[in-house]
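In order of appearance the chains are A, B and C, and numbering begins at 1 in each one.
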Amino acid sequence: MSDPITGLAHMLGQPFIQHALVAGTSIALLSGLVGYFVVLRGQVFAGDALSHVAYAGALAALAAGVDLRFGLFAATIAVGLVLGLLGGRRAADDVVIGTAFAWVLGLGVFFLAIYTTHSATGNSAANVNVLFGSILGISASAASTAAWIAVGLIALLLVLARPLLFASLDPDVARASGVPVRLLGPLFLAIVGATAAEASQAIGALLLFGLLAAPPAAAQRLTDRPWRGFVLSGLLSVLCLWIGVCVAYAAPKLPVSFTIMTTSTVLYAGVVLVTTVRWPAFSRRGGAARP
Amino acid sequence: MSAVLELDRAAVAVAGRTIWSGVSLQVQAGEFVAILGPNGVGKSTLLKAVLGLTPLSGGAMTVLGDRPGHVNGRIGYLPQRRAFDPNTRVRGVDIVRLGLDGDRWGVPLPGRLAGSAGRRARERVEEVIALVGAGAYAGRPIGQCSGGEQQRLLIAQALIRGPELLVLDEPLDSLDVTNQASVSALIRDVCRSQNVAVLLVAHDVNPILPYLDQVIYLAHGGAVMGPPEEVITADTLTMLYGTPIDVLRDRAGRLVVVGQPDAHAEHR
Amino acid sequence: MSVDLTWDLVADVRQLLSYHFMLNALRAGTIVAVVCGAIGYFMVLRRQSFVGHTLAVIGFPGAAGAIWLGVSSGFGYYGFCIAGALVIAALPGGGRAGSGLGGAGEESAVVGTVQGFALACGFLFVSLYKGFLSGLNNLLFGTITGVADHQVITLLIAGVLCLAVLVAIARPLLFVSVDPDVARASGVPVRLVGTVYLVLLGTAAAGASQITGSLLVFALLVAPAATASRLTARPYLGLGLSVLIAVLVTWLGEAFAFFSPYPIGFWVTTLAFGAYLLATGYGLLRERLGRRLVTA
């Protein structure tokens, strides 16, 4: 691949890359948009817990012999709702989350043991795929399903976005002006759970943060405007996925989940560097009110 | 002039414990009213009852001619709070704007797409920010504003829908003396120029004392209401707090309360 | 290995102890449990669960990298966990109690990014070292069969060092964790204490990773401490309880794993979570009874 353009055209001609990009773009956009609120609400740890729940759910489905995605979504959405209800307005106590999700992960290991001992085709490939993702191996039908679910979740998030922002920044006033704060918390964590389930199919349960935490953190450093940051976070996340897929295609030795995660880490580190160096200029510009 | 707020033998219970009962009072449009009293007598609970967030356990309450909780669009609310986290990277203007349309589902359309409605919203945001004099720092992330600056922005948020009643829970807490004076003066100006009734919970009565029309004192599970000259007397206060308190007049004839009413919180 | 559960306690224990690997597992497990119980207590007090989890996970790329390079996995565990602790301590506000939670969204996002990147690196090392994919589960979820004599010695040295340092800084650490501002004013070097504590946490996580696997260390760090703090509000009693619960959970977990086909990680996490639920239930019951006594 001496010529990058030809190389790119060749890459885009590959069906598995097309599937990866269709599923990956929608999942990355979803993760980035959801992640913006996760970071704003300080619920990264809950997101972490939900990604581990995704693992346990997927392995439970494998052990039971049903579709893996069923286990993923059922477990993450249910636990997301429970976490939201337990915590009331804010995220549940971190100790409660931590204790519970350590156990859920133990359950995952339990299902893994059942799966590997009882399944005739018992191999650890499925386990590794759930943990670390397999976007380059996703089938056409799985890709389109993942994309449609992502689109649906994004639509739901857009509907909730403004009251959610209000409730995140200013819960007391939001409640007084009629925002159903108590309802939004669990609902949002259920969306985070569904996002974790989606992302597990792309970059794996363990690497969810590549798309859920790093792009929003970068976006919040780049802009103080909530809606601009919201959109930017989604776009950065998509960018990370594209770059990661391209790099993994060019260097087949590197796993694609690693390249995606590395891209987003480098992106965040770069943003920190740029915003820190240009700090005085930023604060001068931000001095006047521009609503 | 009609009553903005009317309580008739109202009572509130939280977790089975009656906080106060038999409270009857009236607040008229455009009045500046302070709610005073020791810690834990249910000052914040009174505000929450006005907003319909805490139900009455007895008696009746009318807010802006309707039941509490039904007219919150016409009430501006500033809850008791600590400052925003310094890492909150959202601008003051955005916080103010949320007061206008934060409860509407969906995302606001960007810039020109929003059309005349969006332009009106932006103008209204600019208007209230100018009203509270927060123009210089409204574009900064709210976490980086000082306590006084945050308080002004939050008052702008409470004012943005043009409310008929402002409900402020300890807006002067955690402000220094200069900011206490200027924020009190701001609230007074808003009260007079916009004809907004103000219901304000305060710990320290002195900064707002010169502006007050009425005072509500909560203590011993009940309430006393009246003009400051009648309620803020050494005898009444000493009786309410159960600790010696003096009321002095300074050279300009203003009342000053001496003896710290809140130093001895009442535990019941 | 032919193991039968006879339900005769003495015979079962004797059977358990007749295997050298089980003896090693019990020795290593005891050391790890004591250290994790003690260090975890402060982790819960300081609300640094997320940081603790991240440090535990960082051991995975360390071990995978060490195996890929052909050196002992112990180096990888300790090297990466301690380096990770220093990196997190160097982040703005990273050494502070309560970091990684609450309104400080960006801080926890950074910690999360570090965690994700560490796991991704581990996955890279595993895939670069082709033949070793089957060992992945052991790295992540632990095994009781793999503890060698020299590992027990290393664990013991690291554990004793950890506890010695913890004892040395216990009182200022408690002060800083409960009330950082006042502690700073009374001359406690808050930042230094926080950093030293994070290094201790990293060391404890690295040691425990070798028994329970990277993903499940966290159970040993958080659950006994959380259980203890449900049972008592006295700091030093809580510390002792936390250690006791951790040791019990580890012993029972290892014994159950020995007699059952299911891995140690499952048993340890389940027992720990069970203990936490019991303590929570007991706390609620006591509260309700107490209220009834007051109202009566």
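We take it that contacts are C-beta pairs under 8 Å (C-beta built on N, C-alpha and C of every residue); 3 or more make two chains touch, one makes a residue touch a chain.
Just so we're clear, the structure is a prediction, and the values are computed from it rather than from any experiment.
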- Set A-B beside B-C; more C-beta pairs touch across A-B
- What chain lies closest to the overall centre, CA atoms only? A
- Cα-centroid distance, chain A relative to chain C, in whole angstrom: 26
- Note on the structure: chain A to chain B, mean C-alpha position gap in Å, rounds to 41
- Query: In whole angstrom, what separates the CA-based centres of chain B and chain C?
  - Reply: 48
- Item | Sequence positions of chain B contacting 2 or more other chains | 88-89
- Item | Junction residues of chain A - those touching two or more other chains | 40, 220-221
- Item | Multi-chain contact sites of chain C, meaning residues that touch two or more partners | 102-106
- Note on the structure: chain A residues touching chain C in their complex are 39-42, 44-45, 47-48, 52, 91, 94-100, 102-103, 105-107, 109-110, 112-113, 117, 124, 127-128, 131-132, 204, 206-210, 212-214, 216-217, 220-221, 253-255, 257-258, 260-262, 264-265, 268
- Inside the complex, what are the residues of chain A that reach chain B? 40, 158-163, 165-166, 169-170, 172-179, 220-221, 224-227, 229-230, 283, 286-291
- Note on the structure: Residue set of chain B touching chain C in the complex reads 84-85, 87-89
- Task: Note which residues of chain C are touching chain A in the complex, please.
- Result: 44, 47, 49-50, 52-53, 57, 100-106, 108-113, 115-117, 119-121, 123-124, 127-128, 133-134, 136-137, 140-141, 215-216, 218-219, 222-223, 226, 229, 261-263, 265-270, 272-273, 276
- Item | Contact set on chain B toward chain A in their complex | 51, 53, 72-73, 75, 77-79, 81, 88-99, 101-108, 110, 122, 125-126, 129, 134-141, 157-158
